[in-house]
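Just passing along the structure, written as structure tokens.
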Amino acid sequence: MDLIQLTEKEERPQAPKPGEVELRFSDRGVKELDYLLTHYPDRKSAMLPALWIAQREYGGNLPAEAVAEVAVRLGRSYAEVEGVATFYTMYHIRHAVGKHVIEVCTCIACALCGAYRIADYLKAKLGVDWGETTPDGTFTLEEVECLDACDRAPVLMVADEYIGPAAEKDVDTLIERLRNTEEPTTVRLADEVTQAQLHKTEQASAQD
Amino acid sequence: MPETRLLLKHSGDPEYRAIAGYMAEGGYVGLKKALTMERQAVIDEVKKSGLRGRGGAGFPTWMKWNSVPKEKTKPHYVLCNADEGEPGTFKDKELMENTPHLMIEGMIIGGYAIQAEVGYVYIRAEFMDCARAIKMAIDEAYENGFLGKNILGSGWDHDIYVHMGAGSYECGEENAMMRSLMGERGMPGLKFPHAPFPTIEGLWNLPTLINNVESFACVPHIVVNGGDWYAMIGASTKNSRGTKIFSVSGHVNKPGNYEIEFGMPLMELLELAGGMKGGELKACVPGGSSVPMINKEQCEKAIIGYEELVEVGTMVGSGGCIFLNEHTCIVTFIWRTTLFYARESCGKCTPCREGSGRLVAALARLRSGDDAQKTAALRDIDELVTVMRSASLCGLGQMAVSPATSALQDFRQAVGAPKGANT
Amino acid sequence: MQTATEQELVTITVNDQEVRVPKGEMIVESVKRIGLDVPIFCYHPRMKPVGMCRMCLVDVGMKQKDGSVRVMPKPQTACTLPATEGLAIYTDTEQIRKDRKGILEFLLVNHPLDCPVCDRGGECPLQNLTLIYGPSTTRFVEEKRHLLKAFPLSKYVQLDLERCIQCGRCVRFTEEISGDGQLAFLFRGALMQPQTYELTDFTSRFSGNTIEVCPVGALTSAEYRFRARPWDLETSPAICTECSNGCSTWFDHRVGEMIRINGRTNEAVNEEWTCDKGKFGHNYLNSPKRLTTPLVRDGESLREAGWAEAYERILAVFKGGGGAVAGLSGGRPSNESLFLWKRLFTERFESPNLDHRWHVHLPGAGETVAGRHGIREVNTPIAAFEGMPAIFFFGGDPAAEQPILYLRVRKAWFRNEAKVIVAAPEPTEADNFAYCVLRYRPGSEAALLGGLTRLLLEKAGGVAGADELRQAVARFTPEETEVVTGVASGALRRAAEAMAEGFATAASRTLYNLPNGADVVTALTNLAISAKSADRFNLFATEANEQGALEIGVLPGAGGLDTRGILEGCRDGGVRALWLLQCDPFERFPNRELARQALENVEFLLVQDIIETESFHHASVVLPCCAFSEDDGSYTNMERRVQRVRRVVAPKGHAKPSWKVFSELELRMTGETPPFSAKEVMGMLGSAAPQYQVSAYDHLEGEGVILPAEGGAAEPRLALPDYDAMEGSRELV
Amino acid sequence: MIKEIWSDVVKPILAGLAVTARRLKRDKSTVFYPEEQREQYPRTRWRHVLTRYENGLEKCIGCSLCAGACPARCIYVESAENTDEERYSPGERYAKRYEINMLRCIFCGLCEEACPTGAIVLRKDFELADYHRDDFIYTREMLLEKMPVKSDR
């Protein structure tokens, strides 16, 4: 006599079954992940690189589906992958960002050299506050901790590029340049990070 | 005393970044020499050199190398800590960008000495320039037979992979770095005496040698010229040998990396960096934001050296030297420093997770409150920092309080009535 | 349960008192040996220590050669510090008191002080420790953190992130114990919070345990929410009867109503865990559908009646009924009830028609594992699985059928690196830690076992009488097996390699529900014998006292009808009266149509149950009976462990314990002195079924006792089943 | 002899009577209960009342601390969750059932002390006699204060 009905219809949203997750990595992404997996003795260790690939494949952000895909590909639980992804600041999870993320270092050395002034200038220029994206979805302004370029303080970072010491006119040129950049720099960064982890031969093979 | 450029000798030379230029300047001679030596002899050479970890703690490098099991029963790993994140420090960045082969060579020698088969370079993802340089160096090393199977006919195989971080200061802590590399949240694990050293149980519970970029970069020079030669540099100090790169920033005229011999007075370093900008010297944080701050009098007495700086109440740390001029509001400075720690706290242990946030709040009260609030805030800070320092799990929590404690010791008078914020 | 290995002892001093402890034991446990206690939040004895909360700080020193003690500059966490020779621990210094106070202050910085409405209030470690060590006031003026409150993480678990102190116990539970990893820490620093993926449903089968391990009210039970405060509750030890694992539980009740079930420590069975079915599945005890009084049929309707009238009607039909009366039972009545019921049927009614099994296959005496192979069906205690190097799960999803056994096997893998081979037609929860998964097509069970047997016979050799078997399985080469079953030959070889050194089989009697169930069970037994692992063979029962019913022999007597025969007899008129003891054929019998015809056609239907079932509507007489919490008695779980249950709340209405009903009926028939207590019945059971002599109530305290093996160990015999796959499975290729 | 009678008997009696006589001048200390009622001392503890906030919401949150504190075990609380549609108290939780057995109550006031919201108070209404034992179980409805006249609800 089974008096318990545990299978009652649930209203709570359900996590997808591993088989139901849509896998959207491109062939190149899959190959790169396969190579990265050979770098480590276990699959879990490829978590960070896999998330970078996912961030590239999903257009500069890590939506929930991307987390699920990484979890399925690495055989981990969804929650675990989400936990790892939310730990690191450079994964854009739970807050979608625009095409270009402008990261302003406001840490000690930069703060001493006027980072907050530059930050205020940027905020006014873009009309957004920390963590916000411009209405057209082009720029996201973020405050970051030390970028370790204290000799060039105050320093800004866009994708893989440091700009510093940054004065108002540097900011103007930067914004202008980015406005004319079609390719999202967030994607470029994720791609650069992935490429940096692959050996030359692996890179060549993955791009075939 | 001028700079003693050993690691940064060819830093400005673009040719040196490629393997041809590097080898033209005597690159990979150290590796070739090391491969002809006994593994123990390499370690002994490092021992003779008196090299100490350049990452912050100053632990003798040879002891780490020596504690990896000699009888190899399972895989060994080398991990290079290139997750430089300490505010004020940017020496590894320059080393990796301009002299990538030096570090790679050092890593290979280290790998040979401890019989490792794989080495990882954990680079923070912000350092894309470094990552590209290192990646190129690794590729070139493979092409020239310095990496891969049967290196230079020695029968020893070694691979090096780059592993990119994703934005976390905490991952610069060796234990957290290993966790991060293993695909977990970058939280520190248990440390000695609660768990064995990483050289016994590190990555995937296997012996792992972790060293800083600068430490590895010193190794080729030691192997080529001998430990005794290296030990002569900086011999005027108690127990600090060789050169150390100091990243000078803050209110100085020429911020940048300066490689100096141990034993140089701190004020000479300031002179090298072009002297103060915008006012008299007020205070200095000589080794990255987590070391205690010292005031002008202490600066004038300070001699650079691991023991010597402890004598004036601070540390060499990672060599991130920030000079503050007289117009700097100390409270604002420590508030901003502490804010950094609060934001970068991994959240694992209670004192750091909750305490760092409260310390920021208390400092904010100290910054803007009235007299009664200031008195209360000062009392709170005093009690807060004792618990944080004694109870935190890792260095982050323990060191997060040092700016506040040291500044409050030295500048209590000033802190009690701080000037307006002038950042 | 640790195997008794010789452990090296070391001497440490705790507050200057010397104590000998096993080397490597965590100091937090060591100090308990001299009656001290170190306050803890994140430490849990069954999980790996992490040292997160920093509450258990102690001062640590090393004894030097000259006898003095060198104290470390900083205090260390006792929960992560292993004991080594000469360690000196100080648990109560000025600095430690200050640190503890500081830690508690930090924890309370963001912890809402809503204790009066928090379900954890009154049994909250944070509350208790704050009272002992903590500050009485706060110094901080800043506003507390605001996060998710009272969020229904699942139907059973509610999450309140403001109360969370980030100890990670729940996260570690899902990672280390239940293994589903559904909770993880998100974000970092002060925002760190445990959550499920995108706040989706927390579907773990063991989610209820996270409520119990939570040291604050961050994870609370949705069922228990606001129903009572701890001091309102009375608590009594009980046994869970939802499945055959027989977990020990705490039964919390208030004014005669069940309020909640918590896990109770029993190292031999459930350690301290419960599954969600056991923790949240007992609401039927308070159901308005509970039967409270005897009912008799008057024409179309049932009316309330006294016990005497019901007895009269029953005896009028059953007394001397012989082969024309029959009884069917479920696996839920206690040993005592089953025993008296069996005696009532065989000795008083003189009817051999008695059964408790509801599978498709109902093996006769010669066809059971014992009858055919000469080995027992159950050989391995749950705790012994922990030390098994290889474990073979066969047939179903072990997490669903045997949740606590599943946890134990997972522990064997997690702690001792046991190799777990899972063979099941559907994905199971054990897959994610399995050494090897054999996913076969339904219907090809026997062929898969044939293929494995072939490989093992190749390796082991020297099994007596294996020649015929070797021939019978000769055609199941790994490649052929792959064609028939869909299991890759490589996986099969890998599995066979892991199993070659001997393995423990864990399957359940639901295998008899397969169309060729009897063959599959025989094939499975052959496999175990081929690897010389017959002493670790287990075909587990799935219902609370199914094993007890087997031991007591609630089975057809000589010439008696089995379940199918009884129901057919009811339909065809051969059986005039049917007694249903806590079972509902509509739900249990695989052929529902036959069940309906049987119950509609039988002349007299006696339904004795706890709540109204579908059969109830066909009944001639209905007797209420007591739930496990309302009656004294004992249960035999799947590992043949007998455990006591006690009456902790009064029976509902006029309900009587079943054994009492049977003894009163006997009294009316014979006039002999009936047993007056369940204890007496157990004594009688001991003389009728000798294995139960060990389980006299005086011996049933604590963990309970495992029934001894009957007779000497016979040489296991192989048998030849039909190894062919069922029709259809090959066509799926 | 007579002198002794005077000094030992009569005189003390007269002295006593004098005291009584002097007393006659004062007001009487008894009152014509129940027509008249004496004012109670400020800290008198009698019948319990469950109080409300000014906006009419109940103060009681059903935390059962009063039941826990009660030495006579005479309080029974069953709580339930407020919803936005049906709100009794400000927070999440309210007392669905609140009963005090006045026969067992010893009016010690510990419930009042234990109450974290000041919901249960012992007031000065002492006329608690009744004819049936069942009537001494005071329910939530009986204990609750009247709704304030001006109410938001």
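Going by the order they are written in, the chains are A, B, C and D; count residues from 1 in each one.
Keep in mind that, in the parts below, a residue touches a chain if its C-beta (ideal position, glycine included) is under 8 Å from a C-beta of that chain, and two chains touch if they have at least 3 such contacts.
None of the values given here were measured: they were computed from a predicted structure.
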Task: Would you pick out the chains that touch chain C and also touch chain D?
output: none
Task: Return the chains common to the contact lists of chain B and chain C.
output: A
Message: Please tell me whether A-B or A-C has the greater number of C-beta pairs in contact.
response: A-B
Message: Closest chain to the protein's overall Cα mean, using per-chain Cα means, please.
response: C
- prompt: Can you give the whole-Å distance between the Cα centres of chain A and chain D?
  reply: 67
Field: Length of the line joining the C-alpha centres of chain A and chain B, rounded to whole Å
entry: 26
Message: Can you work out the whole-Å distance between the CA centroids of chain A and chain C?
response: 45
- request: Would you kindly tell me how far, in whole Å, the mean C-alpha position of chain D lies from that of chain B?
  value: 72
- line: chain B touches at least 2 other chains through residues 168, 185, 343-344, 346
- line: Shared-interface residues of chain C (touching two or more other chains) are 185, 187-188
Message: Where in chain D do residues touch two or more of the other chains?
response: none
Task: Could you list each pair of chains that touch one another?
output: A-B, A-C, B-C, C-D
Message: Looking at the complex, which residues from chain B come into contact with chain C?
response: 168, 170, 185, 189-190, 193-195, 342-351, 353-358, 361, 365, 376, 380, 383-384, 386-393
Statement: Seen from chain D, its contact residues with chain C in the complex are 61-65, 67-68, 77-81, 91-93, 116-117
Field: Partner chain B, residues of chain C touching it in the complex
entry: 49-55, 57, 60, 74-77, 80-82, 84, 95, 98-99, 102-103, 105-107, 109-110, 139-142, 165-166, 185, 187-192
Statement: Within the complex, chain B is touched by chain A residues 39, 41-42, 44-49, 51-52, 74, 76, 83-84, 87-91, 106-109, 111-114, 116, 144-153, 157, 159-162, 189, 192-193, 195-200
In the complex, chain C residues that touch chain A: 152, 154-155, 174-175, 180-188, 195-201, 203, 242, 276-277, 280-281, 284, 330, 332, 432, 582-584, 587-588, 609, 611, 613
